[in-house]
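Per-chain numbering from 1; labels A, B, C and D assigned in written order.
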Amino acid sequence: MSLVSEITDARTSWLSREDLESARERLPLVYVDAFPVRVDERGTVVAVGLLLRAMPDGSISRAPVSGRVLYGERVRQALLRHLEKDLGPMALPRIPSSPQPFTVAEYFPDPSVSGFHDPRQHAVSLAFVVPVSGDCVPSTDALDLQWMTPEECAGDAVAMEMTGGQDRLLRMALAYVGQLP
Amino acid sequence: MSLVSEITDARTSWLSREDLESARERLPLVYVDAFPVRVDERGTVVAVGLLLRAMPDGSISRAPVSGRVLYGERVRQALLRHLEKDLGPMALPRIPSSPQPFTVAEYFPDPSVSGFHDPRQHAVSLAFVVPVSGDCVPSTDALDLQWMTPEECAGDAVAMEMTGGQDRLLRMALAYVGQLP
Amino acid sequence: MSLVSEITDARTSWLSREDLESARERLPLVYVDAFPVRVDERGTVVAVGLLLRAMPDGSISRAPVSGRVLYGERVRQALLRHLEKDLGPMALPRIPSSPQPFTVAEYFPDPSVSGFHDPRQHAVSLAFVVPVSGDCVPSTDALDLQWMTPEECAGDAVAMEMTGGQDRLLRMALAYVGQLP
Amino acid sequence: MSLVSEITDARTSWLSREDLESARERLPLVYVDAFPVRVDERGTVVAVGLLLRAMPDGSISRAPVSGRVLYGERVRQALLRHLEKDLGPMALPRIPSSPQPFTVAEYFPDPSVSGFHDPRQHAVSLAFVVPVSGDCVPSTDALDLQWMTPEECAGDAVAMEMTGGQDRLLRMALAYVGQLP
């Protein structure tokens, strides 16, 4: 999550940045991870969208749409909010009807616990695949979006550009939709 | 499935009516059951569509979209074919991206085996919830379509108008989307 | 969760009771709900275990095993911990191999948001069905455990003895295992 | 499935070998695929069992437990029957309580349709992960069983020893249990 959206989140939820930092050291936070996909008329996933950002060292980092569930917020509302924040208001995401995530990714400051790693916090993230049918316009300068085929996604090149074990989460998403090569 | 669509199926698959009858006595058939739903922008199911038909005795029978998977046909193609057959070509169904059904309904000639009953055959049916965003025009005279809220669906009145244990399958679909009252 | 286990949790996680109260007003907490079940050799659920407690007014309250996921704790470890706490060390629970819950129950202080209600907090609970094969000995005086058939569980009498929408969660669990009447 | 078990199946279901061959050319058959696993007390998969067989050319072929669902047979009974046939009567498989498979593998004579390939037939297979807690004694001379860690399973060496796309099904099973490397 970018610094900007982090601050917005904090404001929305009336939780000061200091308090959020404090909570992060003592409670697991609730997150959502969403892989936006393009599907054909039979529902087959033909492309997966990954957010990307130029890193200070010139490398590229790729990631799913991801963010915190706020106090008082439904999980499906959090999904919609983060998708619109990162893909723009015209993305037309089709939030899944079932609250059942395809998996639960547990991020820990210690990378050895689960393979999912977040240096800032312990986050329990509900992971979804979300078809989008509209135009995606990444809404901040820092982020771009790139569509790739399932085959490209599952390759080593993409995996090397993802962090925190999210390459593994991506392969789990591909497995769930029957598109893991 | 109506007689007309049955014959169409048989023709498509080059399986004579006699051979199908014969196979039905000796092999479980592969079926799909699909509950068409209307969803809001957060993916919440706000209405479920049930096919209905006037019975000779004046009663009404309600059912999901349902039908056989043909030889050589993908499950997602069978879903699309049966949804278009029963809801018309403009229904715009959003076939799920994952091949994982929300449950598997096993229909037997003997109603006591599983609670799902089909006097004609043993069918193993992959059950899905399918959002539709277009206009639904039931395509044959015999069938109509009625939209109901999850609350209405789960009531005894609707259950009494369904057969073969499909009222139970409907409640399982509502549970899956978090809308079982 | 009983007062005793609450305090234990707080101690384990080095989070003071005051701090937990404070966090509860500003962050959704991560919970697990587990329905212990007895299964036959084919995996069919033949009985569901519900915890029960005599209320001050003489009524009985029934509930699944439920509790918080601690900072740094894996979800499957939290499941094991709460099951052992409520069912005793000889219950031999078979924690599911997949992290995918059958549903996610979102509890809010406002009962109208999702139908799941917790006056103390906003909790996002991963719900599982957990077969247990050993002897269950509810470990505190306040709690007992009663086994019921799926049919009994789904009846109005049991529903009236459950709170916070957990009767609905129970019916969703029954639907998931194919045993919703 | 070995020749011996094929014949047994045919006899049990009163379907002659010739009739089965005939049906195979015209109807999709219902199958189950089961990956036997060893789990720790938290449900984490620590090993996956793969059947293996020496091929005429000296190579080794690895496969999950797999077989047909018979007419009149419940899916969970078919799972139990095939697991006991291939792993022996003391394997003590824990058949999943939910009929929801982790995926549906569609095998076609044409390998290009879905990536799952069976030269003999179109089979729609419900795929499950099944913990086994007892002693596994592969019951026929032709078959052996080898336990491997998830990491070993996901490697290229194992993939090259599997056929019909079942290496992909294995990786999908690992993804489902959160153990895809």
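Throughout what follows, a residue touches a chain if its C-beta (ideal position, glycine included) is under 8 Å from a C-beta of that chain, and two chains touch if they have at least 3 such contacts.
Keep in mind the model is a prediction, meaning the values are calculated, not measured.
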Both-way neighbours, i.e. chains that touch chain D and touch chain C: A, B
Higher-contact pair (C-beta pairs counted), A-B versus A-C: A-C
Proportion of interface numbers common to chain B and chain C (over half same, under half different): same
Euclidean distance of C-alpha centroids - chain A vs chain C, Å: 29
Between chain B and chain A, distance of the C-alpha-averaged centres to the nearest whole Å: 34
Sequence positions of chain C contacting 2 or more other chains: 74, 98-100, 102-103, 176, 178
Residue ranges of chain A touching chain D (in the complex, touch as defined): 103, 168, 171-172, 175-176, 178, 180-181
Contacting residues of chain A [partner chain C, same complex]: 13-15, 19, 23, 25-30, 69-75, 98-104, 106, 108, 113-114, 122, 124, 126
Residues of chain B touching chain A in the complex: 37, 39, 41-45, 74, 76-77, 79-80, 94-100, 102, 129, 131, 176-178
